[in-house]
Every structure is written in structure tokens, then in C-alpha cells.
Amino acid sequence: MESLLLVLDLAGILVFAISGALLAVRRNLDIVGLLALAALTGLGGGWIRDILIGAVPPASLADWRYLLVPVIAALATFWFHPAVARRERTVDVMDAFGLGLFCVAGSLKALQFDVGPLSAILLGIVTAAGGGVLRDVVVQRVPTVFGPGELYAIPAAAGATLAVVGHELEFPATPVAIVAATVAVTWRLLAILRGWHAPVPRA
Amino acid sequence: MESLLLVLDLAGILVFAISGALLAVRRNLDIVGLLALAALTGLGGGWIRDILIGAVPPASLADWRYLLVPVIAALATFWFHPAVARRERTVDVMDAFGLGLFCVAGSLKALQFDVGPLSAILLGIVTAAGGGVLRDVVVQRVPTVFGPGELYAIPAAAGATLAVVGHELEFPATPVAIVAATVAVTWRLLAILRGWHAPVPRA
Amino acid sequence: MESLLLVLDLAGILVFAISGALLAVRRNLDIVGLLALAALTGLGGGWIRDILIGAVPPASLADWRYLLVPVIAALATFWFHPAVARRERTVDVMDAFGLGLFCVAGSLKALQFDVGPLSAILLGIVTAAGGGVLRDVVVQRVPTVFGPGELYAIPAAAGATLAVVGHELEFPATPVAIVAATVAVTWRLLAILRGWHAPVPRA
């Protein structure tokens, strides 16, 4: 079970890191830029959460396997970026699984520290979306998660909310986590497929 | 007394959060962007201070009322942004009160941790201006507080300095805080009214 | 010895801070912007490292001399920026010494906290290059260290790696630090002199 979770976690970081490295290629950055954006995108959300709750050094700095994954993502994108870019929709779909995993895992980790349920939900969203925000800010792009693209933070909020509510009601942990992650992933995939957007203020 | 301070604190966060949500509207972001910019602007300065002094999780993550305020600001701006935008000068004036409050409260909180008086002043300025810097960086605007707009950080520095000096001289806390905040607010309001700017290097 | 290290540390911060203040002048910021960019560039890398490893408040907030240096850099640049700008290549050369010093000192500090060797190397690079990244992000410039300029992070990575490997092999500390810093400085200076760049993905 624990090694399954580790593999899922590393897979989520890998997909996020590839999206960061791909953006670095498009902005004509060098290998340093690819490595930096891969690491920021893959690990940044967890870092923000861990810094805010005081869980430092973050797990990804205490375990070298977490650092190796963005390096692999950056090198693979460096060599094979035309093939990766052609499969960007595939990256988006895999990214949805990272989203589902990280919003649930992030909010459950936050609950172990001295924050309330509302903060735990917020920190779940930050875990899932924070790396992408850092990625975008660094290359001077308004974070895509802030609009007007397809739903991203709202499915993450749903997943985090289900995880936190299930935890507060003392439901069994594993089924709650699976249901919460599945809701987030499904909602995100449907949003991509159907072109669902979050509401925008009227002009 | 304590509940007066809480109300003042929440009111300051509300005004800052409205300025963040208003900028999000102007950049055509969706409701997620409004919520994120409201939270970053309202709570970000305190988060940076708390992370730097090790006061984590920040108070605003341990008390759900602090998280509710940016949500209210974002929803109100979402629905009523034309009316809010017409009153932007009113928002600026209320923002001056947030500035005065946060530079004093921020420096006094920093003094309780292991930093010297100069750092406490810096952290007071960061508390007052840091949320606005995060807001601007996220939407790709050079932080307005860095120039060339009307004086903002300098009144905050004055308020923080008075608060720290008063504390070091062991003057009674409440009058010192009121004088320090009043100086910051008045200076900021006069700067808006008279168009005072900080010095710029000659070309 | 200890006061030699302090002087070197402050000198490194000074050079970094000057590069931040100079960029602020070029972007037409006011004295607040100069002070903020000087502090972010000079101290920001160390702050990110200290926040990630939990060494808070950072040393530079507990010792007023560290805060005075960016103030001096900002004021000197404010008054004498035409002369400073004419000597930008000199600033670049001095910056190389800051780079060598900070990558080694940063990785050795990280090793004292609960992170592995790979993380210590990463944190050494962050100490050396993080302030420049913050400086660039704030004024909406893609961080120069991410490409396509002359080698910067790679010499820092070499210095940090040598320092960490030497430490793990329990070699004597001072010679290891001197060799590691010398390699980083020399490599960076040669990169400037010869126009060496990091590899870029083929188009």
C-alpha cells in the first residue's frame, strides 16, 4: 500500500514536471530552465503547502527519489520534446490524475498539522495547483488556473472538500480518498472534454 | 479590546482583498482568479511575515474567519464590480487604514520572535505591502509599491518604526500603537491627496 | 576566520544587491523599488533556502548588518547609477565571486539540516541563484539564469556538488570549501569571457 502511494505520488510529480519542461522549451529556455521549471511545477505545490504548515524540510527534499523525477522529466523533454508536444492532450489527461491525487493527499497532510478543515481544503487546492502557478509566474504568464481555461481548481476543491469532510466524519480513510480523488479526476476530465469553464464576471 | 483588534484586522484584510479581486476582474480572470487574488492580497503579507519568522501555520490558516473574508470580498466583487470600481478612490482611502493597521501589527508580531528591531520594521512593511506585491506579480504588473505611484511603503515604514521604537523604549503599548498607525494612515492619505511620490533616481 | 567569512558573505550580498538596484533604476522604479530589489536580490536566495530547511528566522533577519548592506547598495546605486552602470562588467565579475561563495556556503548550511546530499546541492544552487530569480520575476523578466545567457547555475551546481561530496567523504572542511568555490568562480568567469552557454533543446 505504502509503495503504491509512493509510485502514484512520483507519477503525479512526473506529469506536472513534464508540463513545466514543455513550457520551458516553448519559451526558448536552456537545460537549466527546463530543470528549474520541471522542479517548480512538479514539487512547488507541495513546497508551498509544507512551508505554510511548518512541515519542513518538505518530504521531497528529504528523499532523493522526489528530486530525481523532475530531472528525468526535464531530460526526457529536452531530447524528445517534439513527440511530447504532439501528445499534449495526453499530458493534460494524465495531469488530471495528478490533480486528483494531490488535492486529496495535500488536504489530508494539512489536517495532520494545526489547521482547520477550511484551511485543509485550501491547502489541498494549493498542493494540486500551486506548482502550475509558480511555473506560469516565472515565465510571465497569468496562471492558467486563474482563468479563463477549463475548470481546474474547482474539481480540486471538490476532491479536497470530500477528503476533509470524510475525515471529519471519521469515515474509513482509503475509500474516502479513492472517492474524493475519483470525483476530482472525473470532473476535470469532463471539463476538458466538454469545454466547461468557471463563471466569469459579466462585463 | 481583543475583539476590536480582530474586527480591525478582518476589515483590513477585506479592503486588501477587494483590491485584489478588482484587479482580477480587470484582467478578465474567472471566479477562481478572483478568489485567489483576493486571498493573496488580503492574507499574503501576513503569510510572508509568518513564514520568515517561523510562526506557522499562520494565524489566518488556523482561524476560519480569516479565510472567509477574502471569499466574501471575491463574491461581492464578482457580483457588484462596476459599483466597486466606481468607488476605487474609496477603496484606496480604506486601504490606507489597512496599511496603518498592518505595518504596526506586523512589526509588533515580529518582535515577539527572534528578530532584531530593524528586521521587525522590515517585516511590518512586508505585512502591509507584501500582499499587494504578490497580487501584482501574479498578474504581471511591476508592483505598484515599487514606484512610481504615490507614497505607500514609506508611510508604512514610518508606522513600523514608531511602533518598534516605542516598544524598545518600553512605552505603554496601546498609545504607541495608535500614534504609529495614525501617522502611517495620515501620511498615506496626504500622499494620495497631494500626489506625493518617493524620490526617483535622476535619469 | 569567522570574521573573514562574515566579510565575504556581506561582500557577496552587496554585489548581488547592486545588480538588483541597477535593474530597478533601468525599470524607472523609485527609491522603494531600489531598496526592495536590492534586498530581494541580495538576501532572497538565502531566505528561500532557510525557509525550505526550517532555519527561521533567517540569519539575515537576526543580524542587522545583513539588512544594512542592501540599504547601502540601494543608496549608492540611487546616487551613482551612471557610474555603476558603466562598470556592469565589473559587477558581473564580482558577482561570480558571490556565486562561488553562496553555492558552497548554501549547500553546507543545508547539510546541517535534515536533507540528503542531492537536496543540499539543489539548495546550494538556490542560495546562489534564487535572489536573481526573485529580482527578475518581480520586474517581469524571465529569470536570466534559466537561459539563454552565459552559464550561471551549472558552475554553481559544480561548486555545490564538490562541497557536498567533500563533506560526505569527510575531507577537511576549509580546503574543500576553497576548492569548490574556486571551481565555481573560475568556470563562471570563463563562461563570461568565452561566451559559454548551457545546451538548448533543438528547435
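Order as written gives the chain letters A, B and C; numbering starts at 1 within each chain.
Everything below uses one rule, namely that contacts are C-beta pairs under 8 Å (C-beta built on N, C-alpha and C of every residue); 3 or more make two chains touch, one makes a residue touch a chain.
Which chain is which protein? Per UniProt: A, B, C = TRIC cation channel family protein.
On a predicted model such as this, the values are computed, not experimentally measured, just so you know.
A.B. asks: I need the rotation angle between the copies chain B and chain C from a CA superposition, between 0 and 180°, in steps of 5.
C.D. replies: Angle of the fitting rotation, chain B to chain C: 120 degrees.
A.B. asks: Report same or different for the chain A and chain C interface, where same means the shared residue numbers exceed half of all residue numbers found there.
C.D. replies: Different, since under half the interface numbering is common to both chains.
A.B. asks: How many angstrom between the C-alpha centroids of chain C and chain A?
C.D. replies: 29
A.B. asks: Which positions in chain C touch two or more other chains at once?
C.D. replies: Expected reply: 51, 54, 137, 140.
A.B. asks: Quick check on the complex: what are the chain A residues that touch chain B?
C.D. replies: 51-54, 113-119, 122-123, 133, 137, 140-143, 145-148, 152-154, 197-201
A.B. asks: In the complex formed with chain B, which residues of chain C make contact?
C.D. replies: Residue positions touching the partner: 24-25, 27-34, 36-37, 39, 47, 51, 54, 56-58, 61-64, 67-68, 77-79, 81, 137-140.
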